[in-house]
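These are the structures, in structure tokens.
Here chain A shows up in two complexes: once beside chain B, once beside chain C.
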Partner chain A sequence: MAVKALLIDTVRCTGCRGCQVACKQWNKRPAEKTEFFAGPGYQNPKDLSKDTWCLVTYNEVEIGGRFEWVFGKKQCMHCLVPACVSACPVAALERVETERSSAVIYHKHKCLGCRYCMLACPFLVPRFEFDSPNPYITKCTMCFDRQEQGELPACAKACPTGAITFGDRAELIAEAQRRIATNPSVYHHHIYGLEEAGGTCVLHISNVPFEQLGYFTDIPHRALATTANTAMQAIPLVMFGAAVVLGLSYQLRNRTRQGEPPRAHG
Partner chain B sequence: MAATTQTRGRLGLTGVILFLLFVLGAVLALYRFGRGIGWVSNLNQGYPWGFWIGFDVLAGIALAAGGFVLAAGVHIFGGEKYHPLVRPAILTAFLGYIFFIVALLVDLGRPWMIWDMIIWHHHESPMFEVGWCVMCYTFVLLLEFLPAVFERFGMSGALRIWHSLTPLLALALLIVFAIVLTHSAPWVILLAAVLVIFQLGVWAGAIRRDPRVPTLLVMAGVIFSILHQSSLGSLFLMAPHKLSPIWYSPILPVLFFVSAVMAGMGMVIVESTLSSRLFGRGLELNLLQGLGRALSWTLLIYLAIRALDLLLRGVAAEVLSASPQAAWFWVEIVVGLLIPLAILLTPEFAASSAGLFSAAALVVAGLIINRLNVAIVGISARYDTYYPHWMEIAISAGIVSAGILVFVLICRHFPVFEEKHAPDPGLRTGAS
Partner chain C sequence: MTNHWIDMVNTDVAMICGSNAAENHPIAARWLQKAKDNGTIILSCDPRYTRTTAFADYYCKMRSGTDIAFVGGIINYALQNDRIDREYVRHYTNATFVIRPEYDFNDGLFSGYNPDGDPPRYDSSKWGYELDESGVPRRDMTMEHPRCVFQLLKKHFARYDLETVCSVTGADPETYRKICDVYTSTWAPGRVGTWLYAMGTTQHTHGTQNIRTYVILQLLLGNVGKAGGGINALRGESNVQGSTDMALLFHILPGYLKTPAVGLETLQDYLNKYTPKSNDPLSANWWQNYPKYMVSLLKAFWGDHATAENDFCYSYLGKISGNLSYISLFEAMYAGKIKGLFCFGQNPAVAGPNANKERDALANLDWLVCVDLFESDTSVFWKRAGVDPGQIQTEVFLLPALASMEKEGSVVNSGRWAQWRYKAADGPGEALSDAAVITRLVLALKELYQQGGQFPDPIVNLSWDYNVDSHGEPDIHMVAAEYNGYYTSGPNRGRQVASFAKLAADGSTCSGNWLYCGSYIDYADGKGPELEDGPHITQVRGRKTINRMAKRFAEDPAGLPPGRCIGLNPDWSWCWPVNRRIIYNRASVDLHGNPWDPKRWVIRWNAEAGKWEGDVPDGGWPPMANPDGSENPKTKRPFIMRPEGVACLFAPSLADGPFPEHYEPLESPISNPFSSRQYNPVIKVWEPDKIGTPDEFPVVATTYRVCEHWQAGNMTRNTPWLVELVPDVFVEMSPILARELGGVRNGDWVIVTSKRGRIRARALVTNRFEPFFVGGRYVHQIGIPWHWGYNGLATGDSANLLTPHVGDANTMIPEYKAFLCRVEKEEVA
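Here is the complex of A and B:
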């Protein structure tokens, strides 16, 4: 089954924020009150939040001796092996594997609000409604509902410059490599999301190194749950081993002192 | 016994302070449920876990490990003389888990959905395993403490039923747990076979029946404890990118387990010393000295594993750097390991109750610092910073205060300490 993905090409992005608005419209998220914050000029709001699942970030980057805007896109990366899904104790987070979608989605009715997904996510994507007495986790669903109807994700549909492409992950990787190869002096030679966290379904290419866009570049190139999974696989062994060791030591100890009467009261 | 015991166990001013702390914590907890977690805490999108997870959950559960350590030591490995310490340790553990669950309800965003863990299984999640273990083990602790209740009310019939039913309950708990957690028929059958053979051996008389407590119940408690004490460490294996390499280690589950054993022993010494003073009963000094020796061995083992782990992973540079993380690491090591070890290895101190008490108290403090380091200090500030809000600490303090008050209340009215055990000759074979 083909894995569906988004390719974000920051070189083609003009920072119009059409994707950000389309995301809010489709997912019915309210606007946020504008606040000043320390950081580059026109970005608004400051960060992803419970109401902003898609955010165009504004970065002033020095390219060839002059400052230029380079726009990044923050959203859920929809990992191939999502740490949030591995972490969730009640399977409230799920990676969809259908013909039309590979999104990581959230079943809010199951959620306990334990926030382990937030600790596990290397991209700091899941956001929690800390101010609500009945709080949920919120995050981008890659418009899973639209995908199932054969529609593009809202952000990809809205983008006027072709900076957001939706398609098969393998084809998008080939396309990204083609763009880098045909324009090697413009593009930074790295596809962000190809290997990060074991591979993601949102791929980014850019004309500057990704740390200059504020992306996390120290993320391990393997599924983050690997070590935890190893520890979890030891459980049956530990249970069995403990049962055998405890049973045997009890029996051996008692055989050595069989002559003694059991203490009446202890 | 009422007349003599009522005058003992009075907390006086301490009791008033604990009660006021409890009231404050309860009021703040109500406010938190009315408005939301954000109104009483500094938890934020970058630090979804903070003081409540570090102190109430990680440290709280580790400090309640004394229950299973002593139950295993006495009922399985034959440390018979330590028996007087078991029942108070079981009570401490039982209350510890109850109040830990209360604390968890405060920390969970939607605590009324906690039953979801029984319905929606995700057995790959360390959190799922911890949740199931805690449910099962709290039930085991309740079963282990029930004989004290039966003795108190002279219910010898109930005690007989307890003796015949608890092995089956323990067996059922372990098998259900294995099914849910492994989803693997061979493992479940293998485990069930071992447990059933053991119990059949007891019934057939081939294995000696422990007249005080069914061995299978103790085994269930030990197995659940090994699993979740270590899995609390596994929780953080999911975050190699966020937890500082000083604490992030593939053997974090092992370190969590060994340190829980050590802190559990420390807690038993602290609790015995304080309660002997409070209830004006004799201090079991020779037992505490023995426990102190066991504690010093555990400290040495933990220190060796910890040092080897740091050296082999090559993080000596981080440990020696001038960062806040490194500073907290050294506080943890010096307070919780080196000073108590020095005290316990000095013969004069290791023989005195004051020396034992201070070493044990330091071990407990060191464990709390260690767990806070893992949960807060070691987590990198990629987003915001986090310092616990006073209301977070006040809610935790309220829960701990309530725990201490209930402990004292139960000790006053139930046969927890040895000299009060089994007032009815009909209950002479009573379990504990």
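Here is the complex of A and C:
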């Protein structure tokens, strides 16, 4: 089964946003109404939304005492053990791995609109169609349909510099490690997505620490589903244990009363 | 470009100066990224920190309009520190040429200056080479003669010392010295540097001389003709390279021939004037073939009507009476002298300098025809805010045009690669290609002129044999085949001419553009993979032909000898001239024909076979030296398009001087410290009383582009996804200027005013702009993307309302890039 991934290398990114437009074009998402800019530099729109599944962030940072401009890319991280999948009561979200493709995809027809996935996702990715009378969740699909046709995801295809590459997760991790090892003074020594949330299929490397790109960095290095899992797995034990305890205590109380004559009415 | 896009992978140092390549030519970043993976250093020199700078290794800031000082300083650094490729300079440039004593330079003026003309001009005969008895330029091979070009060059640029340069450009001295050091490291034969430039270089009153500084530096470093080197203009519009090749400019005919001027009555007069002569037997002086190209062009225009007896219909060509470039046309239009205008895919209401004047000028036309994909700002100039349509008598037509994917044809990239494209989709409604619009016009005119009129012959006799269909669409393959050219008579009659070396001046060949001769050939003249079946195999006029522009065979690196995988891809499309991918490549080898840089060789001499290997050599003549070191009389010097045969450090044929000299832009915050000439002494200034001065307009302004929008915005401001990214016009400024304006915050509205107009825009306050310390004080600069206009999905004020109606001394390209303005915070009511 394929475990496919995207590698985002912000050192190679020129902030051109070919990826952002390619994503909109492929997925036929409409443009949002924007005004001026929503971040330092040219960022638009402000955040991911029901219509914006790929967002390039503009960040003015300092590297070695010098002013620099660095670009990030926000999108669904396609976790190996997704919290959204775990939280969804009806399995509308699913992690799929086929012979040649993998992604965390969404089945519209099953969705309740409960939005538990939005609460569960540590990266705050899934978005909801609040202004629709028949609202659904939307997010990046890692162009699963294109993958199945042997094509690259739209963002990877559009990227002129190879800042976005697509391939087997293990190979991309090796490549990321190689780039960091070959240019240790350029890269920040961390692969974002390697272990965050238990490992994701969108991996990022950069020349600055990731909080400077507007990424969330307080993500535990284990699948978030494990927290719920532990609690969920405990429930039968707890229920059984409670039943035993309560049953025993009832028996105990009953036994002390056994010697007494039945009470007369009245 | 002398080189091409993929070739950038080969460079050691890429200088991006006068260009924001990662922003506006994103694909350049693809090849530069691959170069970076191999250790290439990228330098970004720009008035502000751009998306290219984010990509680069070193950044040096410089005030807009000071490129000659900036690069002049690097030239001086190279000369003073002997970081030059001496042998290359000695043999391949005119460094050794001795200049006649009349040449002089003093206080900003070269000898021969006549201040009385409008514009003033130079008498360039004062800048002549000293000739020997045979009429060949005298050379001092030691380069010590006080009047040899090398010594004159050194003396001229000795004034461009680091301190002076930094005080004019505002560059930080330490950073500037680093840039000089890194770039001039490419002087060594085993290292090479490429220079990438675009509008930041050209759109100045001294734009041509800006480029000259790059040429001089690249020649001193021995970087021209080599893989990873060259002078590389990143062309703007697609298809501007094709446009200029096909001569959509007033002063040229297809293939960069010259438009005849009034006074050149006969073909011989014209050819005498423009065919250069050289007495040097070692100079190929390729332009001596000019008559062949001109006669072949006339045969393409007028077919069988053009004969030797009637000067090949030379008299049918319009003769120009002066400078009729873009600005001149709009000045004439403003004065009511022009009746009608065809505007194909152009939007002067937004793109023209001094846009207020240009919009008003349009109102003086009797008729205006706009041919475009969308309704453009220009096509609705007559109902824009602030004008009364009732007062405008211009009749405006808007014709729907096909987009580039809706028609078949070639597009030429900056690397001179003419890449044929198929039609991918049908266009909407009645949209037509430009070729069809023109064809229908020509055929209608021909019919009308049959009935009489003033001098009908040039139109009635015009050859227009393109199998035009019922919509007016010509068979574009027949057009392409004609600009390649074919034999008009003799045993080969009808056969495509295989190369421009075969074009003739006797009328036996026709060719719509001699540079494209070889792009569309008879199948019988093909060789190699192009003989295989594929979309490049076509049929024209009943003959089996090869459209080389449609070839798509990529190079297989595994099949190449060591050092030869430099990305030439000779079977991927076709480039001019004669598919030579790197021009002047005979300068990439030493006098014996051995590559200066064997690990990236372009051509090399195979002595056994007696011919060159690698790229198409820039002339098949043998190397300059015999194995024993003596001069080979059968050779030719490498820069074959120059009558001298060598490249020009000293260029006597330009309007504003044989050497570049720093002048301030027309509007500048300081007085020129280099001389008492404030701005270029030979530019045409139409309104000398309307020049902005620093007391009223203290801020330097420039205009530029963003990746998300395209030129005057007619396409991109109507595309919702792009409008979402960049909806509004904005002004980038430093936080210090923002504070000085009374606390402008990011996103606040500001008013920017120049001598010509005013705009309202959002302030983008950023550290990417810093003030410049020039002339002993701090000067601020702002930048405005110019894509906006009053029409379209996204609207906004046009930055060109502010720019001046003044242009380069040689080309008249407008000075969009450096002028003065005033910035004010908009007071909220």
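Details
Just so we're on the same page, the second predicted complex is superposed on the first by the 229 of 266 C-alpha atoms of A that agree within 3 Å, B and C clash if a C-alpha of one lies under 4 Å from a C-alpha of the other, contacts with A are read in each partner's own complex, and residues count from 1 in each chain.
In this text, a residue touches a chain if its C-beta (ideal position, glycine included) is under 8 Å from a C-beta of that chain, and two chains touch if they have at least 3 such contacts.
Keep in mind that this is a model prediction, so the values were computed, not measured.
For chain A, the partner touching the most residues, choosing from chain B and chain C, is B. By the touch criterion stated above, A:99 is placed in contact with neither chain B nor chain C. Of the two partner chains, chain B is the only one touched by A:238; chain C is not. Look at A:249: by the touch rule set out above, it reaches chain B but stays clear of chain C. In the superposition on chain A, A:89 makes contact with chain B only, while chain C stays out of contact range. Touch criterion not met for A:171: it reaches neither chain B nor chain C. Of the two partner chains, neither chain B nor chain C is touched by A:211. In the complex of the two chains, the chain A residues touching chain B come out as 47-49, 83, 86-92, 110-116, 118-120, 122, 124, 127-136, 216, 218-220, 224-225, 227-232, 235-236, 238-240, 242-244, 246-247, 249-251, 253-254, 258, 262-266. Partner chain C is touched in their complex by these residues of chain A: 12, 14-18, 20-21, 24-25, 30-37, 40-42, 44-45, 60, 67-71, 160-162. Those residues of chain C whose C-beta lies close enough to touch chain A in the complex are 22-23, 26-27, 29-30, 33, 49, 51-55, 706-708, 720-728, 730, 746-747, 762, 764, 766-768.
Across the complex, chain A is touched by residues 33-39, 41, 43-46, 48-49, 72, 75-78, 80, 83, 107-111, 113-114, 116-117, 119-129, 131, 174, 178, 181-182, 184, 187, 190-191, 194-195, 198, 201, 207-208, 210-212, 215, 219, 222-223, 226-227, 230-231, 234-235, 237-242, 250, 253, 379, 382-383, 421-422, 428-430, 432 of chain B.
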